[in-house]
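Accompanying notes for the structure given below.
Chain IDs A, B, C, D, E and F follow the sequence of writing; residue 1 opens each chain.
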């Protein structure tokens, strides 16, 4: 039966949201029906619960982690369920009339039902974590409910503060619950409840306690977390009535009560909970007096009453716990009715400001009467339920629980707070309903519709009945609840109106008379004063909280983000280098690594000379890169050349060939790009003139560079002078010819042993080419590099100035002889590419080298003839080549599937062809063909896409100029 | 039949590769066609990934099914693909995200530039390759493939923001790639192998000096991965780049950082696991420190973000930090939770990235600035006329709002969705460490981690709350955005996946637990890779 | 004897070629004008090619020939790219 | 260098001489880069390397391998041929670029572009 | 031999890293190229250096394996060269695009006051 | 034949190059060389390089020797100039010469020869006025250098017969 409590409202919520928004009645009926069903089910379950049974339901969620969907209903949970469901039925009924016709009610009721479900979940959870889940759900849904009228700034702020506070508390509570789970070894509530001693004696008890209290106290709006609650009043009144009577805020005290057997009774508990409770009790009541907003008054009164319950729970005596539970119920009844009454007043008169309201008894006598009874219950007037629980509270307050100052103070504080309660209750009644007839109300007040008042009537009746014959009405239910909390510790108590003349009665009397007196003393002040209590008015919790939140979560966060982070590249690079240095150095330093001895013997002078040149190139390139770009590029070429010779020297011709080819293409590429960079003229840069910061930065970078260079040097030296371990290379050497079918082991590795790498690598090339192509299609050169280069302009001008020269003669002449040679080079590079390709498997070369070589042939044509010239003659489809290349390579690899082998299994054989003779027929050749095609396509595409910018730019330039001219006209 | 299943393992790499290649020459005017083919390919990959996950969950640990020897060369000589629960899970996740992003892109974003679908397919191929490969150099190749495609996709649509962010992104990652190469080659130079499993077996037997060199290599390699994973202070490029990317691209990028994490998980547990001798647990404390700093920085960034895109970017950091620290703390119980968190947070952030653009479509930029400044100075219009009649929310906004709420709940780890389950699982793993006494079993680092986890959730809650209120509740002059069904559906599907994950948390967690157990048993794993038989019975 | 002679003469010629490269480098570094640098780069390429040939002789292996051939065949491409850049301001029009 | 021991003395002598002369020629050519005073003069320097140096060293290489492998090896001819063919492209382009730049900046006393107007104008 | 190569690697790395940390995009791309040379040599060096070892098998027979150079690192370098080339091209185009959009060749897309 | 080999000379040259590269005269190599020559010939056709016809191949051989001798001579001359450069100021200068040569390929060849002989550098050829501007390192007498160029030109004209 238990899942009904959760499922029905949630499902109802999902259904209701799809109701048309003008169907206020139907929506309310539906929601009400669901609430009613829940209530009836609760009622039906009473006999079982009353007999001491505990209803359980369990559904596996994450059994491994001990988190299950466990529902559990004992007396206490039952009492709460009954309260929640009953009040929700009433609130739905009330809201049906309260909500305006234009309000999007489906959303309201959907959220309402969801909230009810979450709240039921909290009280019915049989698993601590599940409880936390529902706990946070109530926070989230209440956020949406409070912000229902989200076009109002107050509603938004109220909702946000509520969520921030309760959510924060909930997260802390979760940690507390997790620790409890760890201590106990289970999250199951029964197990937890049975292991109170283990928890209380655990060293982490205080941590757990504080974390749990952070959850409970924020939720219950206890000092100093109380301030979210008055702001939550921005919600529609039915929501307030619901949230502040039976649910939400009660969740906090529910948790305290639920875990009371486990957590209570220690000194820490007493101090923390008691102090928070007492402060809240007093301050809440005091603040309530000075509110001008009806709902504000009720809100602070709620805070105060919750403080009262908290104090009761803090005392640690079973009898106090009984009183707490009792007061929970009582408070729910009178507070719900009061909120509804306030809502009616607001609804009918158009304002909630008590300075403007008076004499409403005249217009709405029934409502007034009802409100008066409920207020009296709130004030603790005898014969009403509030009185009973308050008497119990007084009785407990004067008992001595622990000998300390707090305990001594309790009765006095209780009396004073009670006095304040009388004052604000009286103010609520007297100020609003009596006095002169109101003037200038937005609406002319009258009695509300019959059924809008019905819930209030019902609740007030309950106050009365319980107040008069408690033992017969609430008694059994209360007993069931109390037994389920206290078990064997359940004390003897009597629910009676009259306990004889005793101290509590005197305290009540003092409070009553004092409160009445206080009200009449302050009456005139309150009638005109501004909102909020004197002195404390300046100390607005919400304001402070907002400020703190804004400071912490916005201002500080922003400045922290800016100081901890950066959006500039250089510092980021710096960090990468630094961390890499640290990562490289630390293991060696910490491990006490010993550097290998320096071996100077056997140095080839020519090689040394070569590297002197290489290093000079590298350093020179670094030095020149800022102002002499061309020089830097030339020097870079030099460094590349030295690298290439080194590869040859160290027996790696394949690398040398590839490096060389790539080098050439890269140079052309960067030169193509150089045209679009801004002119950079060397300023007379005097090092002395530079600010210190710059010089320091350069020094730092220089040092980092030296460290990085030194580091790689040392590591590479250390590894290179070490004997070669048993590597996988020997496997390749053994099998390259016999199984891979090629004598060039490097190439066999590339196309066979590790062909998959090559496939990935050409895919990278393909991707980059596509990216470059796509990006350049959207390329917008900067205005100053848009026009043709200066040289061309001068040369074109020269041609134009001389009548016998056609445009473009200069360039034609310039390239006349070179282009003849360059044109003939095209077939020759083609042949070279074919040569490199075909010999690849046995000798240095291969598809990649061939592809690059061929693409250089193409570039040569572009350089000699220009883009248009070439493209008029050769139809180039680099995209197609790339696609085909990649597909051929993939398909070759997949071909081995046909023979039942894994991808890329190569089949190598030397076929004997007529005339040609022995010919290598490895499937790897086909793979290499794919590589060739792709590399050719990609390289050509990249270079040509860049080259095309020069053709596009003048057009763009002309367009821009034309547009400008038209704009001027 | 067995054979067919066997080749299935490479489909997630090959199919996108082939489709991506085939789509290149197709005219850009047929974008829809390209998109459909791309979608079909991803769908197949997704199905295959599902099947693989089933295989991995049931019989995946047999060398006959989970190991694919490319070119029929046995490990450690050839390249092998290794299927286990972790890689299968990552494949599924990637394919799922990719599907969503792809559908989303077809509404409008794929028209922002050329070759979107090809690049997208190639990105998937790269990602899947990185997840499957068991060879560190091959990992480099796939890393580069994935990165190259991500560069292309980040720049998709061009524009100053993207290009600026892209420049930083590319520069940093190129530097990181150099580190990657140095690290890999150093490891090879000392151990003579490139296969991860083989490395794991070799490490224990190395001489101390050699082992230190391997550690150096691994540490340098680690920096390369951490750059990708977004650890502070290597991650400043990330939020701008992710915020600048087009939404479908950003959605897939959410999984990109996870590749870094994935590799760290892989190598950390395989190579520096229990069998590593003196190197066991190498670098853990650094991961913990870095991870925590990353969480803190991410959370601060989340709070400080004005724009949702940046917020999402910082959320990525939070998620990375959480995972890094969880890995570093190295408690066996946490690992399963961390893996669950990985999946959940990736799905969430993806959904959020997709959602952001839809939400922001109808917004007025000026109103934003005003709202921000008002908030910054704590000013509120106290005297605003209160009108206590609700305003109906247009259907589109309602759906967007709902999605946003779900995202907020997921990001901040609030119950009941998977974000919460994940955090709970991590925390529970942390608290449930062996050791009789909780106070001594947990170190200061553990407690700090707990605190950061909670605080980061709180930061996300506050920030999402703030931005959500500003967007959905306080928008002064917003027009209802035009949203296509194929744009909102992916968001809903991703969020539904999160919800599903929350509901099915039990089975999911069992899977994660099994995954974690696999990871913690490196010996078994390397045995499995190295003993796989060759096809053709050799 | 022959071995020694060959060893030394190869070494000597390599050193000479190295010095030749150094001369080219000097011109690259000093300029003064861009065309000087490019001219020197071209020289550097040729010198490197000769160095490779001498290395081929030294190691008695023809496998290094291709590298030299490639320099001879397409090494000039980068030089003319530079030259064209100087003359026309862009490499491909 | 064990492979080279297979060379007969006469061949070794020839190879050495050719090689040394080739390298020396190249060095002289490159020295020209240092010692010649302006760009146009320096333009001649590399041609020594491309013609003299290349030919000598290539012949040395041919001789060496022809003797070593006992068959005619001519592929160095390709190098000679290609170097000869490609050098003018570079040098002519560079020379022209220099000419242009110098004319533009009016320095180094370069001849002006033969102006068609001035000649044809008298017709 | 090892000494020279490692010094060379160190110098290339240092120059490359210094340029990586500079503010102009062109400096960065030159730096990346230098760094990639250094990395290629580094990878190559990890297979140990061998002068005059035949890199190509004799089809007749494998013979002594120890006389060959390590082909694995060479294969790795080849892959690295290709990828490095691709990335240089990409970075170049991106820096051009950045320059086109922002009007400056500063890496951050806007001029700082100094550098 | 023309359809198969649009540039017979080119195809032959490619075949020779292929054989030299492969260092083999095996039928297989020749076949592949022929095929490549053919295919590359077709591709080259698209670029329309100017055709030339060689006549008098024997004259060409003689001319080649002549040039070779010039190269050797000028190598020595230039080398001595460089070595003396410190002491003796170089006597360099620009020269122009009118050329009648029309054939593009012949002109290119002339450029190659002039560049290959150190001491002369081909600088600028004005196609309209058919004048060549070249630079000479050792400008002893204008006429001698002009004569040399004219000599080459005459030989080339003979060979190419235009």
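Basically, a residue touches a chain if its C-beta (ideal position, glycine included) is under 8 Å from a C-beta of that chain, and two chains touch if they have at least 3 such contacts.
For clarity, every value in this text was computed on a predicted model and none was experimentally measured.
Taken together, subunit A and subunit B share the touching chains E. Centrality annotation: B (chain centre taken as mean Cα position, compared with the mean over all protein Cα atoms).
Of all chains, A has its CA centroid at the greatest distance from the CA centroid of subunit C. Interface comparison, A-F against A-D: more C-beta pairs in contact at A-F.
Separation between the centroids of subunit B and subunit E, computed from CA atoms only, is 29 Å. The geometric centre of subunit C is 10 Å away from that of subunit D, both derived from CA atoms. Subunit B and subunit D have Cα centroids separated by 58 Å. Looking at subunit F, one finds that residues 17, 21, 108, 111-112, 122, 124, 126, 128 touch two or more other chains.
Along subunit E, residues 20, 25, 42, 45-48, 52, 54-56, 72, 79, 83, 86-87, 90, 94-95, 97, 101, 107-108 each make contact with two or more other chains. In subunit A, the residues that touch at least two other chains are 567, 569, 573, 577, 604, 633, 649, 653, 674, 712, 719-720, 724, 727-729, 732, 754, 757, 761, 764, 767-768, 771, 775, 778, 791, 795, 804-805, 814, 817-818, 821-822, 825, 828, 843-844. By the touch criterion given at the top, residues 567-570, 573-574, 577, 598-600, 602-604, 607-608, 611, 614-615, 618-619, 621-622, 625-626, 629, 632-633, 636, 639-640, 642-643, 646-647, 649-655, 658-659, 662, 665-666, 669-670, 673-674, 676-678, 680, 690-691, 693-694, 697, 701-702, 704-706, 708-714, 716-717, 719-721, 724, 727-730, 732-734, 736-737, 743-746, 749-750, 754, 757-758, 761-762, 764-765, 767-769, 771-772, 775-776, 778-783, 785, 842-844, 848, 935, 938, 942, 946 of subunit A touch subunit E in their complex.
Subunit D meets subunit F in the complex at residues 25, 28-29, 31-32, 35-38, 40-41, 43-45, 47-48, 50-52, 55, 73-75, 77-78, 84-85, 87-88, 91-92, 95-96, 99, 110-111, 114, 116. Interface of subunit B with subunit E (complex): residues 137, 141, 144, 148, 151, 155, 158-160, 163-164, 166-168, 170-171, 174-175, 177-178, 181-182, 184-186, 188-189, 194. Contacts from subunit D toward subunit A in the complex involve residues 82, 85-86, 88-89, 92-93, 96, 100, 104, 113, 115-117, 120. Contact residues on subunit D toward subunit C in their complex (touch as defined above): 1, 3-9, 12-13, 15-16, 19-20, 22-24, 26-27, 29-31, 33-34, 39, 42-43, 45-46, 49-50, 53-54, 57-58, 60-61, 64-65, 68, 73, 75-76, 78-79, 82-83, 86-87, 89-91, 93-94, 96-98, 100-101.
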